[in-house]
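Written below as structure tokens is the structure these notes are about.
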Amino acid sequence: MKLGLVIGKLVSSRKEGNLDGKRILVVRYLNDEMKDTKKTVACVDTVNAGEGEVVLLCSSSSARLTDTTKNVAVDNSIIGIVDSISIGKEYLYKK
Amino acid sequence: MKLGLVIGKLVSSRKEGNLDGKRILVVRYLNDEMKDTKKTVACVDTVNAGEGEVVLLCSSSSARLTDTTKNVAVDNSIIGIVDSISIGKEYLYKK
Amino acid sequence: MKLGLVIGKLVSSRKEGNLDGKRILVVRYLNDEMKDTKKTVACVDTVNAGEGEVVLLCSSSSARLTDTTKNVAVDNSIIGIVDSISIGKEYLYKK
Amino acid sequence: MKLGLVIGKLVSSRKEGNLDGKRILVVRYLNDEMKDTKKTVACVDTVNAGEGEVVLLCSSSSARLTDTTKNVAVDNSIIGIVDSISIGKEYLYKK
Amino acid sequence: MKLGLVIGKLVSSRKEGNLDGKRILVVRYLNDEMKDTKKTVACVDTVNAGEGEVVLLCSSSSARLTDTTKNVAVDNSIIGIVDSISIGKEYLYKK
């Protein structure tokens, strides 16, 4: 899974693929130092994430394996809020 | 999902994979500032998108999860017309 | 789907995955100006494409959704011959 | 499959997709000389890998084909601990 | 499918996903001139390929569509030994 930073939201009134009522957030991928890469992806939110939160992203067919996204035309889902990332005894990131 | 700009259409009279009668549009991926990246992808349209519209794209097996694309040999579908993208209280894009 | 130019063919006498009897063509991806990117991919042909033709390519699990490629170990298929690509009233490409 | 180096772990208390109780490790892809590429990916661990170990990674739908990851929203799993990689009679890597 | 050159083999005694007994080879992707790109991928061998051979690679879910890889956690399989690649009447590669 990749790591992302929620930066905004996307509104689409005309959509298909069982996307009605899904919350679509705009996310930027983070690099190895947890910095914004400026690469943007739109994701269906399954954990009620908010702007500024670091999230765990799941792509392709696996993005559909949540209660929110089953049988939905989604190729990227937010599946977790990251609390911390530790390397040995140090934190690379802590909420 | 990725964001794209519809720039044209593609005609193919000899095709397979249940693609007959599908509308295939030519789309350019947009970058984080909603600028044209010049990277082109052909997508089956499921929302009757028009040239110049900003659209939401779904790839791989999830691209088949619409009424239009079920069991079709398609790896990229246009699944929504983007109305707006907001970051906090500001609009990055508004139709 | 991506756009490609058929440049040659590949012969493999020892192969698995129900590939026996399939025609495997060598294709180069085309860029936004329909120029050869030099990036090569081997594809199963489902539309009897010939060298020099511009084709529509479908990847991953969707590449198997044709009569020719069902249950075949193929991650890239040629699913259409491109007749034209138009942007507004102009042709970017015409066969 | 790709090769990676386990560098840390990720904690997420709020997550979906049957991820509860799964061990999520932070992995860096290795290049052809087995050097750290700095490109990071979060993976579900299925083999009890530890920090500093070189591991085998499996992505997309195949990442779900282990006892640990069946029906889980995971697009990258650690599926093996690498003992050695040999080129002819020489070792490129040996644990 | 992509083209690769078999350069070595990988041993992993602790692995999951029905990989036991599978032969895992280390492969380098080839570029358009059949030169080594130095980009490495580990693949399950289904055709008894040897070091130095040019092979055909199949990825993602399609990598599982051989007798050897059915239900195995594999995202890249060697599915053919390449005999030749011809462009018009000339050989780009001949075994």
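Per-chain numbering from 1; labels A, B, C, D and E assigned in written order.
Basically, contacts are C-beta pairs under 8 Å (C-beta built on N, C-alpha and C of every residue); 3 or more make two chains touch, one makes a residue touch a chain.
Computed from a prediction, not measured in an experiment: that's the story for all the values here.
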Practice prompt. Mind checking the rotation angle between the two copies, chain B and chain E? C-alpha superposition, nearest 5 degrees is fine.
Written response: 145
Discussion item. Distance between chain B and chain C based on Cα centroids, please, to the nearest Å.
Written reply: 20
Worksheet item: Per the centroid of Cα atoms for each chain, what is the distance between chain A and chain E, given in Å?
Response: 33
Worksheet, complete the sentence: In chain C, the residues touching two or more other chains are 60-61, 63
Worksheet item: Reading around the ring from chain A and passing chain D first, what chain order results?
Response: A, D, E, C, B
Fill in: Complex contacts: residues of chain A adjacent to chain B
7-19, 24, 26, 28, 38-43, 51, 60-61, 63-64, 71-76
Worksheet item: Along chain E, where are the residues that touch chain C in the complex?
Response: 1-3, 31-32, 46-47, 56, 58-63, 65-68, 77, 79-88, 92
